[in-house]
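Shared chain: subunit A. Partners: subunit B in the first complex, subunit C in the second.
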Partner chain A sequence: MENGGYVGDSSPANKKAIAELRGVSKSFGDVLAASDLNLSISAGEFLSFLGPSGCGKTTALRMLAGFETPTEGEVLLDGEVVNTLDAHHRPVNMVFQQYALFPHMTVAQNIGYGLRQRRPRLPKAQIAEKVTKALEIVRLSDFEDRKIWEMSGGQQQRVALARAIINEPKLLLLDEPMAALDRKLRKEMQIELQDLQRQLGITFVLVTHDQEEALSMSDRICIMREGRIVQIGSPQELYDRPNSRYVAGFVGTSNFFSGNVTDQNGGLATILLDNGMSVQGTPGVELAEGQDVCISVRPEQMKLHRQSDGVKVEVHNRIFLGEHTEYLVNHETLGDFLVLSPRQSELNEGGFEVGDQARVSWDASAALILNPN
Partner chain B sequence: MRIYAICVYLFLYIPIGVIALFSFNAGRHASQLQGFSTKWYGKALNNPFVMDALETSLMVAFASALFASVFGTMAAVALQGIKGPVRTAFDLLIYVAVMIPGIVIGIATLIGLVTVFDQLNPLIASIWPNGFEPPKLRMGMGSLIAAHTMFLMALVVIIVRARLAGMDRALTEASSDLYATPMGTFRQVTLPLIFPAILAGFLLSFTFSFDDFIIAFFVAGSETTLPIYVFSSIRRGVTPEINAIGTMVMGVSLLMLITAQMLLRRGGKKTK
Partner chain C sequence: MTHRTRNWLLLAPAGTWFLVMLIIPLSVVFIFSFGERAPSGGVVPAFTFEQYANLPARWTAFKNTMTLAPIGTLLALLIAYPLAYFLAVKANPKWKTILLVLVIVPFWTSILIRSYAWIFLLGGRGIPALLEWVGLEGIRLINTPFAVLVGIIYGYLPLMVFPIYVSLDKLDKRLLEASSDLGAKPWRTFLQITLPLSIPGIATGCMLVFILLMGEYLIPALLGGGKVFFVGNALVDLFLQSRNWAYGSAVAVALVAVMLITVTFYMRLISRLGASREDVSIM
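Here is the complex of A and B:
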């Protein structure tokens, strides 16, 4: 299967699509920044674009906002093609990566900016009232007359958020809004953003390269790679049923062993690993005999023990994490891999020290057979 | 190295210092100091020829600085939006306009305008209703303002462009994302943020125009600007009155340059 043109689960069933990308591509000269994007965003959901830097996330967002025109394909808002509709006509607002607050205006003036552009003009009192309310929502009530440069990074981010949500947009686009915040503040803002989204019912589209952020906040995640969407699904779907080694490695951590298909029967397939071992696994994608594949086993689905089944390993490193212990183990021909051992089983059966010989085994149902790239 | 630098500065500034010093000379000879007095300032300011020339200079400087600021800003903003060979060509032309010696601009403008006027004047006369005196295009205030505006516009473009380039593109995008039309964005975001640069450009232009002798010498026609007046007076010998005029012009220019510099610094910080 090709990576491109993934259309599988591009929209959750029976929900109204508020925005859609249909075969959208964008190139800048020779650079293909986005390629054949297909995606349907439904009203009220929290969707994330997740992928490494340079994979085209911002480009996708900017096409929704109206800052870039697709080279190919259609962008739809509320069922209408808006490819060439200017940004200032789109009922969509964006929180910029560096916030892009107006430095010559106060906090309140920044927040009221969108409302002041409405024609016919809104009464001043009404704007002031809405600004006050928006300030309350982002908990900045006493800061309305502050200058932008007098605000901290976290406060600036809230101003940017207030400036966008005050317009009650159909879509709120957020481009790595947490990237400039420190770790602790980031956690707080993540929770705050989620609360805000539920409270306001606005559709959120978030761009991030932080898998933890995407997993903890989103209803659905759209995994991107080199300008393409490789998989769309809920955090659980992506974690449990990744469709490629790339996704399995990007969403959570996993151990990978490459090999090729020798036999398929029933729900299982037999894989001849590169080191000559033969193992059983569950197909995660369509398979053909002889095909190069990769087996993915999550660390928590591997069992480290002293019985006689499984592969022989030596413990190279041990990190105690409280409810789990993480072991880095080495197998002569399979190489290094990670095993997570629950505290309870260690209490029952004893733990392991660095240098110990042990065995690792896993169920065939936990070994997902995927595309090797 | 340091001594060398000191010598260069002394060489540059001693003559200027001497002029300022002698402008307060009580005696009437420019070569010997005879006590302190401000009478030459009074004399200069009461001289109708000086005041006439000053008025012409101020009008020319104000008009050309104003035109240069407006057109220069428009050009800078427009250039921001285009790319490729057109942009490169304009960039090049703008730098050339700033670097060309004043004497070349002066001669070129003179020849160009005289040629055009010679072609146009008979044409105007021929279409003018009989019995009325047809207007005659000639060198004067208009040509002076035009020549200064042309050269100063390039200066303003460079100053404003530097500010525009330092401005985060996301700011104008944020504005249009918040429903402002392109005109609204220009008025509410771009203009306020580049205004210090425009003002600095205006002040610099004003100073350049006010101080200019070379271009004015060629295109002023029968008008006399202050530098032209000073030049023609010097031929009759340097008097303390001339020194007083020079000192005043220098003071005003210096003040404007410092203000412009401060505007450029302060505004630069704010857009970051």
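Here is the complex of A and C:
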């Protein structure tokens, strides 16, 4: 496969798959919202779908929840094909994008809703007890009798969370749960959500378009693009070994230079860049001679210095970030790129000012050769 | 212009209308109701409770109104709700507008003409003739309470459908998904989410139909044929035929009083229902 074997089941083999997508596609009329999704979700993991708006994340989630039936392929829960099983029969709960709390019920009534649907009926006292506990877990103990519209956005989100986890679902689906919160609250909720997941051991599937959120919370991230899964891996794997320019650009920031392959030997390949320079890099994907590729170098793996090796640049901008300094530098033919210098090396070798001439170099191992799109 | 004067200006047209078309005539009727019948018809001013003492003579009209209006409202509700539900929740969005227009198409011709159509349908050569043909003889439909109810439901259905449609249409469909997601079967989702959240529409529709029905006179006159008459018919009779304005005024005042009492009672019921909606949903 062109994506170098990262797509597909890379979940730990010793863990049981709690949910699976096998060749799942979904089209709405002419729109192919999801295309050939293959994914195995293991029990207890925190998995994220990450991709820009409209790439099919919600559609994937809704097929797991039972709100959409796949046009092709199979959705499995606990080893059973559930393609046509109604949502109310699935041991799965969802935290909706705008929470979808019931406006005519109090906080406690919202949270207890799932338990009240159980047949045979649960005793009232038991429901009340579980609701109290769920309220404690999301730290809303004093709010049980409040109306939904009396709660702030952050509180509403926690009600939605409690309403879902009280049912102890096999899978908790979260559709951009933090999108409506302000930045500070979002950070807090991210930490809370992670704690909650560890504490409860429930498998979480999160949908987000915020790479920072996905990177900081997930065990594995499933990168999506135009209805397809492009790469699945842990945040570190995706950062260190992206399989395409798209992934490298989506997970963290990177500098890209395009060119084509002239030679391969051992673990390295020689690339003739578009400006005529020849550089060495490490293949991140299968390469063929003459192939158009793109080299990705992370800003922190570039070294800005005054020695004689490397490419000659001029410093155009400098942002002091504390432990790092970020430089925007310009090369005559390569254009602008970013370099991140650690404070320590600045202290040792002296920093640079805007307008300074300098040189930038990097190791061949840091230059990842990827597909150009 | 201050805030206050602007507010007054906003209220002025409706306020004037209200004063001229409602308060003044009502006051006149109220004053008349204590008067006496003039020999030539009309009123002689007086202060007597004689007209009110006479009210029981028109008891049948009140009884008919007070039974057929609520029953008609209820039946209209039972028929309108599924229709509104279908239009708002199930119908293909492409067809929605056309279907909604179809609901109001009957309003394009006058109720008078439509009621004549019913006179024919329910009369001897209409449905009863058909029934006779399949062996059911001697069934009379026209000039019965049934005929009046048919007319009422037919005429008032759109008034019931629209408010319910609006409340169901603006219902966030994700709430239904959330309910299903939390394990509720479809009919329980209906009982716990859809129905309680459409109460405002139901309340408005019932109120509208009920109040208008209390004053109805055309349908009983045409389809009840003088056998099933409403207070409205009694009023027409008293004001236009017997020209007993004083007595007619007393009947009118009594009707307004009955209406006020029922509506107040109804409002309290609705607000109680609203306040205890959570209990409804805990079923």
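Basically, the second predicted complex is superposed on the first by the 363 of 373 C-alpha atoms of A that agree within 3 Å, B and C clash if a C-alpha of one lies under 4 Å from a C-alpha of the other, contacts with A are read in each partner's own complex, and residues count from 1 in each chain.
Here is the rule we go by: a residue touches a chain if its C-beta (ideal position, glycine included) is under 8 Å from a C-beta of that chain, and two chains touch if they have at least 3 such contacts.
Everything numeric here is computed off the predicted structure, so don't read it as measured data.
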Report clash or fit for the pair subunit B and subunit C bound to subunit A in the combined superposed model. clash
Output check: A:R183 vs subunit B and subunit C. Expected answer is one of first, second, both, neither. What do you get? neither
Name the contact category of A:T106: first (subunit B only), second (subunit C only), both, or neither. second
Between subunit B (first) and subunit C (second), which, if any, makes contact with A:A65: first, second, both or neither? both
With the two structures laid over each other on chain A, which partner does A:Q117 touch: subunit B (first), subunit C (second), both, or neither? both
The intersection of the subunit A residues contacting subunit B with those contacting subunit C is 65-67, 86-88, 92-94, 96, 98, 100-104, 113-114, 117-118, 163, 167
Interfacial residue positions of subunit A with respect to subunit B in the complex: 65-67, 86-89, 92-94, 96-98, 100-104, 113-114, 117-118, 163, 167
Once bound in the complex, which stretches of subunit B touch subunit A? 168, 170-171, 173-182, 184, 188-189, 192-193, 270-271
Touching subunit C in the complex, subunit A uses residues 65-67, 86-88, 92-94, 96, 98, 100-106, 109, 113-114, 116-118, 163-164, 167
Per the touch rule above, subunit C residues touching subunit A in the complex are 172, 174-175, 177-186, 188, 192-193, 196-197, 277-278, 281-282
